[in-house]
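Once you scroll down, you'll see the structures, which are given as structure tokens.
Both complexes shown next keep chain A, but they swap its partner, so chain B is in the first and chain C is in the second.
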Partner chain A sequence: MMEKVISGNDAVALAVKLSRVKVTGIYPITPQTYIIESLSEMKDRGELETEIIRVESEHSAMAATFGAAAAGVRAYTATASQGLLYMHEMVWWVAGSRIPVVMTVGTRAVGPPWNIWNEHTDFMSERDSGWIMAFASTPQEAMDLTITAFRITEDERVFLPMMIGMDGFILSHTKTRVYVPSQEEVDSYLPPRRQPYVLDPEDSIAMGNMFSPEDYMKLRESIHRAQIASKEVIVEAGKEYMKRVVPIGSYSTLNESYKLEDADYAVVIMGAWSLDAMQAVDELRKEGLKVGVYRVRFVRPWAEEEVVKALSDKSVLVLDRSVSFGRGGQLYTEVKASLPDTDIKGVITGLGGVSIGKNEMKVIIRKFVEKPQGIEWFYPEEARKIELRSPRYIK
Partner chain B sequence: MSLGVRDILNRHKLMPGTSACPGCPENIAMRIISTALGENAVIIVVAGCSSVIQGMGPNSAYNYPVLNVAFAAGPAAASGIAAAMRTRGKNVKAVVWAGDGGTADIGMASLSGAAERNEDILYICVDNEAYMNTGGQRSGSTPIGASTTTTPMGKRHNKKNIPFIMMAHRVPYVATASVGYPHDLMEKIRKAKEIRGFSCVQVLCPDPYGWMFEPSKTAEVAKLAVQTCYWPLFECENGILKISDECLHCLDKRTRKPIQEFLKIQGRFKHADQQKIRELEEYVNEMWEKLKLMYKGNLKL
Partner chain C sequence: MSLNYQLFPISKPGKGAGGKTGNWRIVKPLVHEDKCVGCKACYIWCPEGTIIIKDGKVAVDYEYCKGCGICFNVCPAKAIEMVSES
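Moving on, here comes the complex of A and B:
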């Protein structure tokens, strides 16, 4: 293990190398592009064993990555925003096939209008796809989750793909201190790849052809059951990672609690801005407000038991950096479903790169203490009014 | 002892009990192609009739490892499989099996990308000239004048010439074939499999239901398409174009069978007026003018 000062994109690229990924289908999109550039540079320097397929779209990036994984090797890709939406069909195809694949989503707003800045709606739009979905809060965690993802996805209780969300720019481009494990440490942690279905000339299996409605439904149920079963696998993989690879981090649970034990109020949040929330909480506690943070790391599987245990006796504020139009924030909806009898307030903010830091968090939390219900949209400063043009009839 | 066609075709890998319609050209194609392809191949099937023909899982009538994928995903998935097999040290050909919709329309970008990268894959397009699996809607590969369920009075636009588009990618091997000429098709598949790099074969597959002819006449229609020169048989290896023997008569307009003989044996051109027929003839003529130039070495795409 050695210390480096690197960006989230660097950290993920190193994780891909250390995990001995054999094939990657790559296609550029901001803000993850530097991951695939970094892999390409390592390849040309002769430091990377991965075969790189430089495809012509994200749909093909996932198709090529999936093809390689179905043919029995560790495979990885990265995307964001429009790219994730463009590959949506293949995202589902991979999960339905029960083929382990790992992907980074450098989260970014979805157009129109064009916007390259951070929000989580792209990532959250895949939560019904069958993928295991984790979200990093630091470059270190992006690296850790990427390496553990190969162990989790290739576990026989799981055999599902996994995507790791990483806030665009805030994590992808910001350099921080990262503990980078050695190749030996990662080798000792990641077992050789296993999978139930492999394309092999000696084995004439058909993958993905038609099934009867009953068989199809059984397979769908098995994906759900594998998601539920993956909870213990994730915790095992996390603990083992801290033991063998990088001995920091909080991976003995799916999600993370911060100063929640004696708290009356809890802020539920996911991603890089969780750390801003923690700073805000530190300062508000000095003013006598008993508030803590509950950081969601896994969206799928949903850590129902952990959420109920951590939050059922609190007044809960959920911050969403994403929105499901006509319903509200996705995290809000998830938490509400776990805690139907608890007062919960949902705040949607930070979309499209709207900057929310510690001070804005304090404003949001204070307002929440005054009125702990409902869904609000929060703007850090007075935003100008945006209206559609008045309509006209078309000749 | 010499082998007859029947003996050779008994080596195919299509198992009985497929869900194909009577007279299905794709089953004929699979029988002929698998005979030539032999072992050490993985078939990547994109959405189309063959997604259904192979039968209900977990069983399969294709005696190969088969990966079914989304409509536009074939060439990219095959690229991934080829890369994985290389890293595993396995000599296995990734073979995409796609219809004309999957090739000329929705899969065009993926196909073009794989060709440009010169992926070591074999791409087979079974061209029945419409979206037959969804009931016969027009595709980019439907010829002008042909009626389909979305062009009931006949298509107004020309057939997209996929083999020409592929030749323009300067890939090592591009060929056309017809299920009416099994030997020619087998020879081309055998050659394509040995190519290191991208190869593609477009196989004309007359469909009794979409084209509206008797299911017993599939091979006959597939032959007439070639005899009337509507469908050329050629191969282009490293830029050198060769016209197949069955088609050499097409180089001279005077020795071609009238295209009407091909059109009247099927029902899909019955709404086509004289203007449309003339445009179709022009399309065929122009194609042969280009092929002639390429054949003589005076033109490279």
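Moving on, here comes the complex of A and C:
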């Protein structure tokens, strides 16, 4: 293990190299492009054993990656935003096929209007696809989750693909200290590739062919049950990672609790801005407000038991950097379903790169303490005490 | 932990994996053995693999033949006739 100062994209590219990925189908899209550029540069220098397939679209990127994985090797790709939406059909195909594949989503807003900045709606819109879905809060965690993803997805109790969300620019392009494991450490952690079946001309099978409605439904239930079973696999993989690879994470649970033990109020949040929420909580505690943070790391599987245990006796605020139009934030609806008898407030903010930091969080939390229900859209002008400019694109 | 819940969407190739498709037929091919020259054009063209080769001549597997008539169309010896099922 060695310390490096690298970006989230660098960390993920190194994780792919260290995991001995054999094939990657790549197509560029901001903000993940530097991952595949970094992989290509490593390949050019002769440091990477991964075969790189350059394709003409994200749909093909996932198709190429899936084909390689089906043929029996560890395969990886990365995308974001419009690219993920264009890939959507293949995303479902991979999960339904039960072939382990790992993907990074450098989260980004979805147009129109055109916007390359961070939000989580692209990632959240895949939550019904059958993929295991984790979200990083630091470049370190993006690396850790990428390496553990290969172990989780290739476990016989799971055999599902996994995507790792990473906030566009905030994590993908910001350099921080990352503990990079050695090749020996990762080799001792990742077992040889396993998958439920292999595309092999010597032993022919029909993949994903027409099934009867009853068999189709049983296969859908199987994905659901594998998701539920993956909870213990994720925790095992996380604990083993901290033992053998990088010993600093919080991976003995699916999600992370911060100063929640004695808290009256809890802020549920996911991704890079969780750390801003933790800073806000530190300062609000000095003012006597008993508030903590519950950081969601896994959207799928949903950690129902952990959520209920951590939050059922608190007043809950859920911050969503994404929205399901006509309903509210996706995390808000998830938490609300787990805690039907709790007062929960949902705040949607930070969309399209709207900058939300510690000070804005403090304003949001104070308002929530005054009125802990409902759904609200929060604009940072409120916290910065500046007048709302009339946006030029609205009359 | 039991892995009984793990099911995968694949199947092994086998005869009639989609059920006996012969009952889809409304017309059926009849082979006139006296005219059959054993060229196997019908065997090559049949999309369902229901042409059986027997002693240099051909026969039809009626359990799975859907009655599409491709064999009738490609037979150079005009040894196949399509007749109504009813």
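The definition used in the following text is that the second predicted complex is superposed on the first by the 381 of 395 C-alpha atoms of A that agree within 3 Å, B and C clash if a C-alpha of one lies under 4 Å from a C-alpha of the other, contacts with A are read in each partner's own complex, and residues count from 1 in each chain.
Criterion: contacts are C-beta pairs under 8 Å (C-beta built on N, C-alpha and C of every residue); 3 or more make two chains touch, one makes a residue touch a chain.
Bear in mind the structure is a predicted one, so any value in this text is a computation, not a measurement.
Peer 1: In the superposed model built on chain A, check whether chain B and chain C fit or clash.
Peer 2: In the arrangement built by aligning on chain A, the partners chain C and chain B clash.
Peer 1: Check the residue A:R157 against both partner chains and state whether it touches chain B (first), chain C (second), both, or neither.
Peer 2: Second partner only, chain C.
Peer 1: Counting only touches as set out at the top, which of chain B and chain C does A:R225 meet: first, second, both, neither?
Peer 2: In the superposed model, A:R225 contacts chain C only, not chain B.
Peer 1: First (chain B), second (chain C), both or neither: which does A:E304 touch?
Peer 2: neither
Peer 1: In the overlaid three-chain picture, which partner chain does A:I53 touch, first (chain B) or second (chain C), both, or neither?
Peer 2: In the superposition, A:I53 touches chain B alone.
Peer 1: Taking the superposition as given, does A:M207 touch the first partner, chain B, the second, chain C, both, or neither?
Peer 2: The answer is both, since A:M207 touches chain B and chain C.
Peer 1: Of chain B and chain C, which one touches more of chain A's residues?
Peer 2: In the superposed model, B touches more residues of chain A.
Peer 1: If we overlay the two complexes on their shared chain A, which of chain B and chain C does A:E376 touch? Say first, second, both or neither.
Peer 2: So A:E376 meets neither chain B nor chain C here.
Peer 1: Which partner chains sit in contact with A:F66 here, chain B, chain C, both or neither? Use first/second/both/neither.
Peer 2: After superposition on chain A, A:F66 lies in contact with chain B alone.
Peer 1: With both complexes superposed on chain A, which partner does A:K22 reach: first (chain B), second (chain C), both or neither?
Peer 2: A:K22: touches chain B, not chain C.
Peer 1: Take the contacts of chain A with chain B and those with chain C, and give the residues found in both.
Peer 2: 204-211
Peer 1: Over in the complex, which chain C residues touch chain A? Could you list them?
Peer 2: 1, 3, 5-13, 17-18
Peer 1: Give every residue of chain A touching chain C within the complex, in rising order.
Peer 2: Chain A residues touching chain C: 96-98, 156-157, 159, 196-197, 204-211, 218-219, 221-222, 225-226, 229.
Peer 1: Taking the complex as given, what residues does chain B use to touch chain A?
Peer 2: 39-42, 44-45, 51-52, 54-60, 62-70, 72-81, 83-88, 90, 92, 94, 109-110, 112-113, 116-117
Peer 1: Can you list the chain A residues touching chain B in their complex?
Peer 2: Touch residues, chain A against chain B: 22-23, 25, 49, 51, 53-57, 59-61, 63-73, 75, 89-90, 93, 199-201, 203-212, 215.
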